[in-house]
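Labels for the chains are A, B, C and D, by order of writing; each one numbers its residues from 1.
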Amino acid sequence: MTKLVYFAWVRERIGKAEEELALPAEVVTVDDLLNHLRGLGEEYEAALQFPDVIRVAIDQEHVEHDEPIAGAREIGLFPPMTGG
Amino acid sequence: MTTITPTIRVQCEDFDQQAEIDRMTKGRHDVGAVVTFTGLCRGESGRLEALELEHYPGMAEAEITRIATLAIERFSLLGLTAIHRYGTIATGENIVLVVAASPHRQAAFDGANFVMDFLKTSAPFWKKEHGRDGKAGDWISAKDADDRARDKWQG
Amino acid sequence: MTTITPTIRVQCEDFDQQAEIDRMTKGRHDVGAVVTFTGLCRGESGRLEALELEHYPGMAEAEITRIATLAIERFSLLGLTAIHRYGTIATGENIVLVVAASPHRQAAFDGANFVMDFLKTSAPFWKKEHGRDGKAGDWISAKDADDRARDKWQG
Amino acid sequence: MTKLVYFAWVRERIGKAEEELALPAEVVTVDDLLNHLRGLGEEYEAALQFPDVIRVAIDQEHVEHDEPIAGAREIGLFPPMTGG
């Protein structure tokens, strides 16, 4: 099981702040994960329809979309940051 | 190798700039310059009532610490404090504070400026507008200008 | 045309950064960024006891006002405060404060930085060293680096 | 009579903070004034021996050394500034 956490409008559109998912073996990279999630229902499709804008952190560190997710304990998905 | 540890806080409550300056300078005689940056919630000409600030707990602290440590090393700072608030912040209230201390003025200016530019684009915080009309508005979009401000520190 | 009047003080007594920040921001909702610069008296690795700061009364205020007004116009600042102390200032104590407020962060950084660069090279103040050995030392020499820092704002 | 005011090591070397002087008619510019003062005694010579480094203000505004001094109420002489 992998813990997924969502923030801002990604969280609002998916309708939950976090969940634990069993990911199939063919989900190797962040890109694979985003594609897999979009197949889980229209709320995921609404949140992730433009995957290029989604920012991703593995175990609380920023990663690119071609990063492998093997071994990740927690994966965060969120929009570009607007703090400061 | 740096031996300066940044002071990083992510908190709901307001901060006190004077207390943070004093904490960095009292009892020492090597600090010649202290620069503070305070970011406040603007009312956007009366349209806004407040901003709601969401953050990624744990990662927010880690990411600001990473940025602050880069700044300490790059500008040989004597001290660096960064405090970022979350929750509902009314217009006119403080959002973020950066304090940088150095022997000389340009390093203190650059250190605080560098931390703000990276904090804007990589610290996991998101702002949602709350209007004067009582409605929750949109999430604020990231600005290309913020990416360009960050990129000026390249190379 | 600017309608913002800078707050300028040349004084013996210390200043309070928090009070100056609050004076500039309280009750208004258009300030998004406040930058403060504080210059302190360094001990020069234990060699110095204090600096004696001499100034040209009247001209000091006039010259800082001129610089501050240039900064307000150039960077469209919402507020600018500059306070410069004179007299005997022990190591670790404050010498000068600049506070700049703006809707956006880079203008606040640039405004405070600009005022400091010009204040260093054109405000009529002179520093004399007082050593830990009890002797009055030399007048500090002007630095070429300060002229270069000022010249970066040209053009 | 013209009021002259001195600061920092210019003041220390001349030995006074200010004085009123009647300047001869041939003293037209700041340069002329500096040359004239150097003839008034060794303390003035010690203060002004390198006139290029001396900064000058007429009525509390910075001026160059070729500036005419006619009409000046107060002329300040001092080293390069080291405030801030």
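In the analysis below, a contact is a pair of C-beta atoms (placed from the backbone, for glycine too) under 8 Å apart; a residue touches a chain by one contact, two chains touch by 3 or more.
Bear in mind that the values here come from a model prediction, so they are computed numbers and not experimental data.
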*asked:* With centres defined as the mean C-alpha position, give me the subunit A-subunit D separation in Å.
replied: 73
_Could you work out how far the Cα centre of subunit C sits from that of subunit D, in whole Å?_
26
*subunit B to subunit D: how many Å between their CA centres?*
48
*Check each residue of subunit B and list the ones that touch at least two other chains.*
39, 105, 116
*If you look at subunit D, which of its residues touch at least two other chains?*
84
_Which category does the touching pattern between chains fall into here: line, ring, star, complete, or other?_
line
*Report the complete set of touching chain pairs.*
A-B, B-C, C-D
*Touching subunit C in the complex: which residues of subunit D?*
5, 7-9, 11, 57, 60-62, 76, 78-84
*In the complex formed with subunit A, which residues of subunit B make contact?*
39, 53-56, 58-59, 62-63, 84, 95-96, 116, 119-128, 139-142, 146
*Show which residues of subunit C lie in contact with subunit B when the two form their complex.*
16-18, 21, 25-43, 45-46, 91-92, 103, 105-106, 108-109, 112-113, 116, 149
